[in-house]
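The structure under discussion appears below in the form of structure tokens.
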Amino acid sequence: MYKQYKLGACLPTFGSCADRFCLSGYGRGGRTMEEMLELAKQVEGLDGLELVSNWHVNDKNINYVAKLFKDAGFKICMIVPDLWTQAKWGKGSIAAPDAKTRKQAIVEIKKSIDWAAELGCEFVDVWPGQDGYDYPFQAHYDDAWKWLRDGIEECALYNKKVKVLVEYKMKEPRTHCFVSNAAKVILLINGITNTGCLLDVGHSLAAGENMAEAASLLAQYKVLSYIHLNDNYRSWDDDLLVSSVHVVEYLELVYWLKEVKYDGWLTLDIFPYREDKVPAARNSFEWLKFLFEKIEQMGSEEIRAVIRQSDGNLVSSLVRKMLGG
Amino acid sequence: MYKQYKLGACLPTFGSCADRFCLSGYGRGGRTMEEMLELAKQVEGLDGLELVSNWHVNDKNINYVAKLFKDAGFKICMIVPDLWTQAKWGKGSIAAPDAKTRKQAIVEIKKSIDWAAELGCEFVDVWPGQDGYDYPFQAHYDDAWKWLRDGIEECALYNKKVKVLVEYKMKEPRTHCFVSNAAKVILLINGITNTGCLLDVGHSLAAGENMAEAASLLAQYKVLSYIHLNDNYRSWDDDLLVSSVHVVEYLELVYWLKEVKYDGWLTLDIFPYREDKVPAARNSFEWLKFLFEKIEQMGSEEIRAVIRQSDGNLVSSLVRKMLGG
Amino acid sequence: MYKQYKLGACLPTFGSCADRFCLSGYGRGGRTMEEMLELAKQVEGLDGLELVSNWHVNDKNINYVAKLFKDAGFKICMIVPDLWTQAKWGKGSIAAPDAKTRKQAIVEIKKSIDWAAELGCEFVDVWPGQDGYDYPFQAHYDDAWKWLRDGIEECALYNKKVKVLVEYKMKEPRTHCFVSNAAKVILLINGITNTGCLLDVGHSLAAGENMAEAASLLAQYKVLSYIHLNDNYRSWDDDLLVSSVHVVEYLELVYWLKEVKYDGWLTLDIFPYREDKVPAARNSFEWLKFLFEKIEQMGSEEIRAVIRQSDGNLVSSLVRKMLGG
Amino acid sequence: MYKQYKLGACLPTFGSCADRFCLSGYGRGGRTMEEMLELAKQVEGLDGLELVSNWHVNDKNINYVAKLFKDAGFKICMIVPDLWTQAKWGKGSIAAPDAKTRKQAIVEIKKSIDWAAELGCEFVDVWPGQDGYDYPFQAHYDDAWKWLRDGIEECALYNKKVKVLVEYKMKEPRTHCFVSNAAKVILLINGITNTGCLLDVGHSLAAGENMAEAASLLAQYKVLSYIHLNDNYRSWDDDLLVSSVHVVEYLELVYWLKEVKYDGWLTLDIFPYREDKVPAARNSFEWLKFLFEKIEQMGSEEIRAVIRQSDGNLVSSLVRKMLGG
């Protein structure tokens, strides 16, 4: 059953979900953390919430935050250092060309690690989304890669109780982000203890990956640490409802999560711009439940036997059967 | 029920399915027309077959072909003029820069029309796949568009009993084909009687279209005349089994085929490179049956009511329910 | 010389250029219209500016705006009705499922037409960016197309002195926008007088088009009315500096603009998120000048002669020669 | 000067260049090795040729081949084991689900290594193009990755005089190939001596990479061993003439090749379907010469200084200046 997994959501899922055209968001804008939390409470089965540093948690409010979420019955499953919402990160964070900015980014991550430790949260999510380039000749690739490694290493050494995860994404907000795919994360953190990878399904799809294959690769290298769920049309990070587009690939992902014995968080990172937030989260979890049930009804052994034959016809029949055909 | 539709297949589906690396094909190469026909007979429910001019039908064998397929119980649902398998079409057919080639192409199409008329087949499929360009500055766009229009018009006037369909595709074999999407076909044949559009689902996907929307647009302009079924990953015409990837989009297509009262052929244009051909065709029709059943179980009225609300949450629940969730 | 063209820019090019992650923008946020105008003045050769309704112009400030831009020596080359920055347009504007919203959208466009007339501006730019869908089964395609046509028609009839242009885009902010490519615009406005098409180069690239071919097609149907310049990597509307990526395709576009005798505006629609705005605009115009010079140095006759041969080798040599090789 | 590099070409560049529609090729089909060699001789500056095992070289003709190419003044720069032109490799080679096929693939590679050693060629190019999958649930990702590693390792140990290179590609002939990007190759061969990576520019582009960044990454891990040149439109391996589309990215690649002190082969892997082969090769080398000249005229120091500032405006001006603006 999928309920052996811990189910999470990013808190901003319950916020205003703005884009570059409608900057105040399509829904009701300006919700407070408390209001978003109230919405989160309406999602049955939700176990934890991701918070973003500074936005939601800071030195002053940390005790308040700890109590607030505890009282609401939620774990804080992730602290995300804010390396991307302010103009100062515009040219990069831990791989910024400017040395001072790189230092600041590490300070920011360490603060997040402190807060995570205090909140009993075992992960921080380093998403170097601003670390990249928009034009050819705009980046010094050799330096950038070394800065990324050095930055991650310094943060990973900081506090063994909090694991430093790296989230990859091929593009957006830069047209090219350095840490673009699963294999690159494995390379990047190779040999650095206390690190792992955050696999965001939509980022994987937009990187041209099959997310089940990405999960398998990460698991083989022992770095599949955390998973973000959403969906898109492969050319952009649309952050749609879970499994709303890629039902077949999602079925395969769920099968492989069981195969590689992943037992971590399954956390929504959806952006329901025009949808009501609570139903969007519920809907996504209902899809997840649906996927697990279909895989379990078919049985891993049966599926494994089909995979072993690697025959397009058998595979396609299998999927149809799983979906009630 | 989906059996109100006539089910077809392209005869080469049962052939060797080669690609540019494995030119002799992944399966048993060199099957004769008769051998392919024998395979086709094993596909339950198949009503008709598409033939390619010169490959399968020519002036000498036409009586033989007529009898052969009639005896086998198949309609010939389409004659495809061969405008793309010979080096002479390498720079184009009806829009080739060379006037002689353009003329030859029209001769070729007219021959196909003659054969179609004789075989009681109501369509020829003009696929100007070689008409396009590979590099910037390689095509005279204004001229090409006029040549396309003139060529189609001349063919459409030739014999009112045989409708001239135009099949669009964005790329392959050229990196850019002129007739690339549904709207372009509507423009191209606008005002020319005895014409229509062949919607190939994979071509639609690879053109960045949603095929249900394309079907609706074509139907509004009264030119949705024929449909090819297959699937792919949107960046190339992979010609995979029907609905093996885009289950959700395929459900929507089937719904819209019923809405727009399409009652023509549903013909497989799959390329099962590494798969046994007969099971590949059967499998594809089983998917089709599955899709129609799911839509019918939900009911068009119910679906229409959800569409009217245009709400992402309702839509995604609807799909899950259709799939047994 | 390229200076026979009128050179424009969208006023927000000089604004804060925010994205969904950095909502306050990467540069200095919150510039007033007057401050943006001051920046625009620093761009040599700039002839006109595009304004967005309500943001920049409204019933109360119209006289002030008229004088402000006149005194600065700028034409107002376009009024863009705001159909996309407010939550109320989240499910569409002129093709919204809700009839009241559709009416409101038309009111909004008519107000823009009034302002345009008063400001001596000959165009409004209807960009139905919110008119589309994010999920399968979310849109009623037949209705939407009719609403689009009816809406455009009503607006086009409103005031003959102001032409109603339609700007196409395949995606963003919706994952699928209805008016997605050049051919669709031609179909949409076919038979409606006082209309035209706005070709945005980046939208064309992201729609899988070659923009030179799109320009030729639009010109053949007499609807190439206005052009937006920018660049991207084809999977998203990155709004990069002009010709920063697609130098070869841009050369071809410039050649075709001359061939089809386009003599309208060439207007920047760039989003220099992390760049200084004035140099970004200057740079873009220097690219434009460069492209025109290269085409003129080679000569249209020479280029035409190469195109006529449609040979990949000749074409590629030609481009290299134009670039000084 | 670019002539410090050794310039190569794949012998089939001078062959018939067929695709799946025009199986006999667009040019004159059926050229013998000797005829292709004659064409190659007409390409000024060409230093070496790549041969494919069995097609061009085998146990019986090896002495003949050695003499033939030596007499013509060519090095044999690469032996490519044929793991993709026969139906027996349809479901994979070194990662085929069937153990016997995997063994055969290794035998094949070792034969190529023997021939390479005998011909004084220092590389074999293992391109596991058939190793992948077309449908979800068709591959056992964990096993496949292990088989790939084991296979490469066994081959790399076989003869220290011949280095085993791995060429990556995201898709084609499979819709998904296992060894899809640069980082994956680094992971795959990590810790296996006598291995390296073959960077094919078109494969890199189609994998969503920037090839300059890929070259930098490979060089940092000391595995940038060999380079294939061509171009495409990023969605498919079009194998167009060098730099015919991506001039800006190609300039950046050339700059980085110098930065990372790459001094190996620069080999054409183009497929000039509709073009004359000798001019296509010449043209490609003229582009290469052009690119090196432009970079050298600007000077690495100047370029480096601009990169260090990572400013979109400066970068774009730099490119324009390099191109004569």
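By letter and in written order, the chains are A, B, C and D; residue numbering begins at 1 in each of them.
Keep this in mind: a residue touches a chain if its C-beta (ideal position, glycine included) is under 8 Å from a C-beta of that chain, and two chains touch if they have at least 3 such contacts.
Quantities reported herein were computed from a predicted structural model and do not represent experimental measurements.
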Legend entry - Chains in simultaneous contact with chain B and chain C: A, D
Inset, instruction - Please work out which of C-D and A-D is bridged by more C-beta pairs in contact, and write that pair. - result: A-D
Legend entry - Taking each chain's C-alpha mean as its centre, the one farthest from chain A: B
Inset, instruction - Go ahead and note the Å separation of the Cα centroids belonging to chain A and chain D. - result: 35
Legend entry - Geometric centre distance via CA averages, chain D-chain C, whole Å: 40
Legend entry - Junction residues of chain D - those touching two or more other chains: 91, 134-136, 233, 240-241, 244-245, 248, 274, 311-312, 315-316, 319
Inset, instruction - Take each protein chain as a node, join two nodes whenever their chains touch, and name the resulting shape: line, ring, star, complete or other. - result: complete
Legend entry - chain C to chain B touching residues, read off their complex: 91-92, 97, 133-142, 145, 170, 176, 178, 180-181, 183-184, 186-187, 190, 207-210, 212-213, 216-217, 219-221, 248-249, 251-252, 255-256, 259-260, 303, 306-312, 315-316, 318-319
Legend entry - Interface residues, chain D side, partner chain B - complex: 18-27, 29, 84-87, 89-91, 129, 134-136, 171-173, 175, 232-233, 235-236, 238, 240-241, 244-245, 271, 273-274
Legend entry - Parts of chain C lying in touch with chain D, wherever the complex brings them together: 233-234, 240-241, 243-245, 247-248, 272, 274-276, 279-280, 283, 286-287, 289-290, 293-294, 311-313, 315-317, 319-320, 323-325
